[in-house]
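When the chains are written out, they are named A, B, C and D in that same order, and each has its own residue count from 1.
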Amino acid sequence: MDSALIGTWLAALLTLGIMSFIYKDNLYYKVCEAIFIGISAGYWFITYFWDSLYRKAWVGIVHQGDYILLGGVILGAMMLTRLFGKIGWIARWPLAFIVGATAGLKMMVYFTTNAMAQVHGTVNDMMAAFSGGDLYDLIGRLVILIGTVTGLIYFYFSKEHKGVFGGVAKVGTWFLMITFGASFGYTVMSRMSLLLGRIDFLLTDWLKLVK
Amino acid sequence: MIALLRIAKSVVFISSLLFVMSILPTHSVYSQDAGPSVSDLGSITVRAHDTDNDAGGAITVEWDDPGYEKLAGFVGFLIWRTNTLAGTNDSVEVTPFGTRTYDDRSVSDDSTYSYSVAALVNGERLMSAPSVQVRSSKQWFDGRLTWVLILGLIICGAVIYFIESAKRGTKLFLRRIAGLEAIDEAVGRATEMGRPILFVAGIQDMDDVQTIAGLTILGSIARTVAEYDTKINMPVRASLVMTAARETIKQAYITAGRPDAYNDDMVHYVTDEQFGFVAAVDGIMVRERPAACFFLGAFFAESLIMAETGNSIGAIQVAGTAMPAQLPFFVAACDYTLIGEELFAASAYLSEEPRQLGSLKGADVGKAIAMIVILVGVIATTIASAWNSESMLWIENLLRQMFSTG
Amino acid sequence: MKRQIPMLILSAVGTLLVVSVFIPSARHWQEDASLYFDIIAVFAFFLGGGNLIRVHTEKVNRKSAGWIYSVVTLLGFGIMLVAGLFKIGNPGGIAGDISQTGSYFQLLFQYVMSPLNSTMYALLAFYVASASYRAFRAKNTEATILLVAAFVILLGRTALGVLLTNWIPAQLSVLQIPNLAIWIMNAPNLAGQRAIMIGISLGVISMSLRLLLGIERSYLGGDN
Amino acid sequence: MKKYYYWFILIALIIVLILLPKPLIVSPTVSTTLTVLLGLALVVVLVLTLRGHMIGRRTVFLFIGMSLTLPFFMNFQMPIKVSPEVQTLFDAMAKLPSGSKVLAAFDYDPPSAPELQPQAEAFMAYAFKHDLKVIIMGLWPQGPQQANMAIAKVLQQPGIRAKNLRYGVDYVNLGFQSGNEFVIQRMGTSFSGMFPRDIYNTDYDKIPLLNGVENFSNIDFVFNLSAGYPGTVEWVQIAVDRYGVKVGAGNTAVQAPSVYPYLSSHKLTGLAGGMSGAAEFEQATKEIGKANTYILSQSFSHMVVIAFIIIGNAALFVSYRKSKQKGA
């Protein structure tokens, strides 16, 4: 028996095990789930270990003299104080570092790429999609304008959704619903080919029922 | 050490350059009619200047092509550099077709350089006159981001202003968000039924703001959970989230006056693998049958797998995410969904603390600015294109410049 | 002390990184910060992995319900650790690339983890279908709009959409379903996306400021 | 005993499946009957739902599973009309005289394989049968492996096996090169500079097929299979715009709309988009393979999803009417 054959059988049995979940939770699925958790947790630990701890930290500090990384190692080591009950509070320092860095970095990233770029895009790109002067393009532009502004009004917290303002916010929710419907419709179809791939594996590679 | 590396790098670079040059073809990839000959063409003009808005160590070289690229034997432009302090010469790069500018990132701020550009035609080098001497330098402020700074300061200023005025006791009005009342209701129902609550803070690590937003909401939920003495189960995909979530829940139990009821096992690590985590969460759902499921954080394709499984066990489900592609699945399969910004605002609402609420008011100023700019901008562009209005064009260009992010 | 120092670290790091965006020579701080994050995350994994081992060992010891699955999980975890740490079967030896063909680590990935992964992902096809059946209903105005938009896009991507509206004359070709689908994607869908994204970024700004100013700090724990 | 009941069924089923004659293909009559039965079952579901019996999730799952699985066994050709863009692609290939050198760029990975692998196989089979020399490369790391899988499969066809094709003479795999569109740009001056060795570590100069292949001017046609970036857009922008080669492409359904503009401006010589494009390409090249099975599965499953949405809404409509009648 060669390893590829054993491998294919193993892969097929695991595939069936996960699929059995859609009927109901059962022993077969539970075993596959347990294997999945164990193997994948190990996989990621090993990947992090070699990639971050060895390649980035160890090689960086010891071989390339990148001593600034020592700070990361010290913060990382502080994380481990959690294991020693009394000084466990030191672990908050690396946590504070991470939350601070995330807040600072993401604030700027979202501000430039989301807020500013989207405002810019609304003013700028819509000329690209509906650049002509005919009715079709004019309607397109108008719809983008109304949709974006009413959508933002829906997210406006300072005013109760009542009266005219409430009506406008309602229009905003309709635009949100179109957006949701569009992305739902868009993904529904492409999800089918994922399952198609698995069924093909079972019928062709494993059972060899079809060519 | 660093000097050694630099030498090694330049050795590798120069040798690879020599290699590329040695294999350069002698005939063009285009086979075209014999155009103008080399002698008919004028010389190349070269300009060099310090690269803008950078940290130094780079010079931008620009040149114009009097028509070499159209010649039959044209291969590329060779950038030739003279270090005028050290008196050394070297070739930097052969640029591909259509290129007229090159950033030389291998210069030192301590020296001055002069550049020439040579057209490589039929194995010949047709060298331009050298450019003026230039020196690279670093800039202290990225000029392209002036408007980012100004607009950022206005919005941050507004947030801080409202936080401060809330601190001083100014009453601020904020409308209610539908999904939030559902949170208490869901916890209440789980208590009545004597069944646990499942909380998933997304599948990203702590370097995603959505995870942090999920945890801030967890703080409020855990307080209610502690008061009602309900069970909470929180599987996590990343170890850092586990640590942070434990701190959050513990703090909530202490605030609720029940530190003894807290237990580290409420939060447990599963696996870093996206779908491995999903397999486990699905398993927990069908086996423990939580009465309420919360999905608050960053989600990807797994959103629907989890929400549908939760739906099949009849749990009340509250979701919230800022991943636009996943929102429709949550809207379809959950009872309440916090859409985009509502996820970030939720914890401020739940805390009922004036300062936190003030920050939301500040964000509304940002939205008002965005709406006004879009309205003005769209009207201006439309009028500008329809009636060629100069003033409208001016407004349009100003807005484009303001909101372009480099 | 236990609370002030973390607060200080948080505000300082956050502010420095905001400032670094504007200063070209300080931009590498952002990369340093993300490297730090990677390294801290590995150390944190010792806690996470430890937690995994502890939870499952306890289940086995107490022989609580389903303890046998815990044995399987622990075995899988252990096998992967041994195979990966010592690079067993790796043609390149201990210095070889971790995912080299032929190593046990790679084999386990290829024949165990990868099929499990793609099958779990593939289950989505089933759930998408059941969600469509249940949730795509014209219960009220909002749901109707969602349904119609989704249905047009859905038909627009299949042959049925072309067949259904082929008869519409060329002057009104905008109304043919595939074209209608494109229009929905380009106009109302884009508008909705924009509103959501602008809202999100303002939400992130106000939350980040709450974090940096120390107003929101539940995740940092209390004074004990 | 009852606990193990399912297990016996499952194991028995697997044994039966293994023992079944292979390949298991049913006749067109049976195929049509199966399709009609599937349709009838949907009608039954509709009637049940209208009468107020909501069907469960498992029934929906069963329908999806069936609609995806059954077509694999059907000897049944969907009436496929080859679209103009696929015809252009095929015509460009048909015009190539034997011995022409074709560069095949594999820019995708396994998740996109259901849509793109059939195109890869049809392309390889066609090229080998018509004595086109194929040079394979990839801008995506896993692309060249996908190419090897397609070749291995195609070489099993008796007609092609009889040709005794030799690696290095009739086809060659240069492997993956990182650098995205810059790879294409550099290839404009020199192939061997970007690919000094092939996937089996043989020097570029020592491979007979590559003798005299210096850059795009020695290539007659580029066929690009693309699932995103880098891909067809980059090939058109650099290889076509700057170096004047003909490029034809196969794309995933999601990716295809972004390259349509190049098709109408005639920069791209033909496009097979998504599963339907793949099936049409198979039809055009007369290399009927997986895509013609897949397209059936995919269409069946799409129809089932659409049917369930309609059924769900019909049920809602009926319940409205009932509640109105009660009210009146």
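Everything below uses one rule, namely that a residue touches a chain if its C-beta (ideal position, glycine included) is under 8 Å from a C-beta of that chain, and two chains touch if they have at least 3 such contacts.
The structure displayed is predicted, hence computed values, not measured ones.
Participant: Keeping to the contact definition above, tell me which chains border both chain B and chain C.
Facilitator: A, D
Participant: Which chains lie in contact with each of chain C and chain D?
Facilitator: Correct list: A, B.
Participant: When all chain pairs are ranked by how many C-beta pairs they have in contact, which pair ranks first?
Facilitator: Counting C-beta pairs in contact per chain pair, the top pair is A-C.
Participant: Work out the mean Cα position per chain and let me know which chain is farthest from chain C.
Facilitator: Computed centres place D farthest from chain C.
Participant: Just how far, in Å, is the C-alpha centre of chain C from the one of chain A?
Facilitator: 3
Participant: Just give me the whole-number Å value for how far the CA centre of chain A lies from that of chain D.
Facilitator: So the centroids are 26 Å from each other.
Participant: For chain A versus chain B, what separation do you get between their C-alpha means, in angstrom?
Facilitator: Centre-to-centre distance between chain A and chain B: 13 Å.
Participant: What is the distance in Å between the mean C-alpha positions of chain B and chain D?
Facilitator: Going by mean C-alpha positions, chain B sits 33 Å from chain D.
Participant: Can you tell me which residues of chain D touch two or more of the remaining chains?
Facilitator: 57, 61, 64-65, 68, 111, 253, 301-302, 305
Participant: List, in ascending order, every residue of chain B touching at least 2 other chains.
Facilitator: Residues 148, 155, 206-207, 209, 212, 240, 243-244, 247, 269-273, 275-276, 279, 324, 327-329, 331-332, 339-342, 345, 360, 363, 366-367, 370 of chain B each touch two or more of the other chains.
Participant: So which stretches of chain C touch two or more other chains?
Facilitator: As it turns out, chain C has residues touching two or more other chains at 21, 37, 40-41, 44-47, 49, 52, 113, 116-118, 120-121, 123-126, 128, 130, 132, 134, 136, 146-147, 151, 154, 157-158, 193, 196-200, 202, 204-205, 207-209, 211, 219-221, 224.
Participant: Building nodes from the protein chains and edges from chain pairs that touch, which of line, ring, star, complete or other describes the result?
Facilitator: If you draw each chain as a dot and join those that touch, every dot ends up joined to every other.
Participant: Using the touch definition from the top, list the residues of chain D that touch chain B in their complex.
Facilitator: For this pair, the touching residues of chain D are 57, 185-186, 188-190, 192-193, 214-217, 242-244.
Participant: Would you mind writing out the residues of chain C in touch with chain B in their complex?
Facilitator: 21-28, 34, 37, 40-41, 44-49, 51-52, 55, 113, 116-117, 120-121, 123-124, 127-128, 130-131, 134-136, 146, 193, 196-200, 202-211, 213, 215-216, 218-222, 224
Participant: Along chain A, where are the residues that touch chain B in the complex?
Facilitator: That would be residues 18, 21, 24-25, 29-30, 32-33, 36-37, 39-41, 43-45, 48, 64-65, 79, 82, 91-92, 95, 98-99, 101-103, 106, 108, 110-113, 115-117, 119-120, 122-124, 126-127, 133, 141, 144-145, 148-149, 152-153, 155-161, 176, 179-181, 183-184, 187 of chain A.
Participant: In their complex, what parts of chain D are in touch with chain C?
Facilitator: Answer in residue numbers: 57, 60-61, 63-65, 68, 111, 253, 257, 276, 299, 301-306, 308-309, 311-313, 316.
Participant: In their complex, what parts of chain C are in touch with chain A?
Facilitator: Within the complex, chain C contacts chain A at residues 2, 5-7, 9-18, 21, 30, 32-33, 35-47, 49-50, 52, 66, 69-70, 72-81, 83-85, 98, 105, 107-126, 128, 132, 141-143, 145-154, 156-158, 174, 183-202, 204-205, 207-209, 211-212, 219-221, 224.
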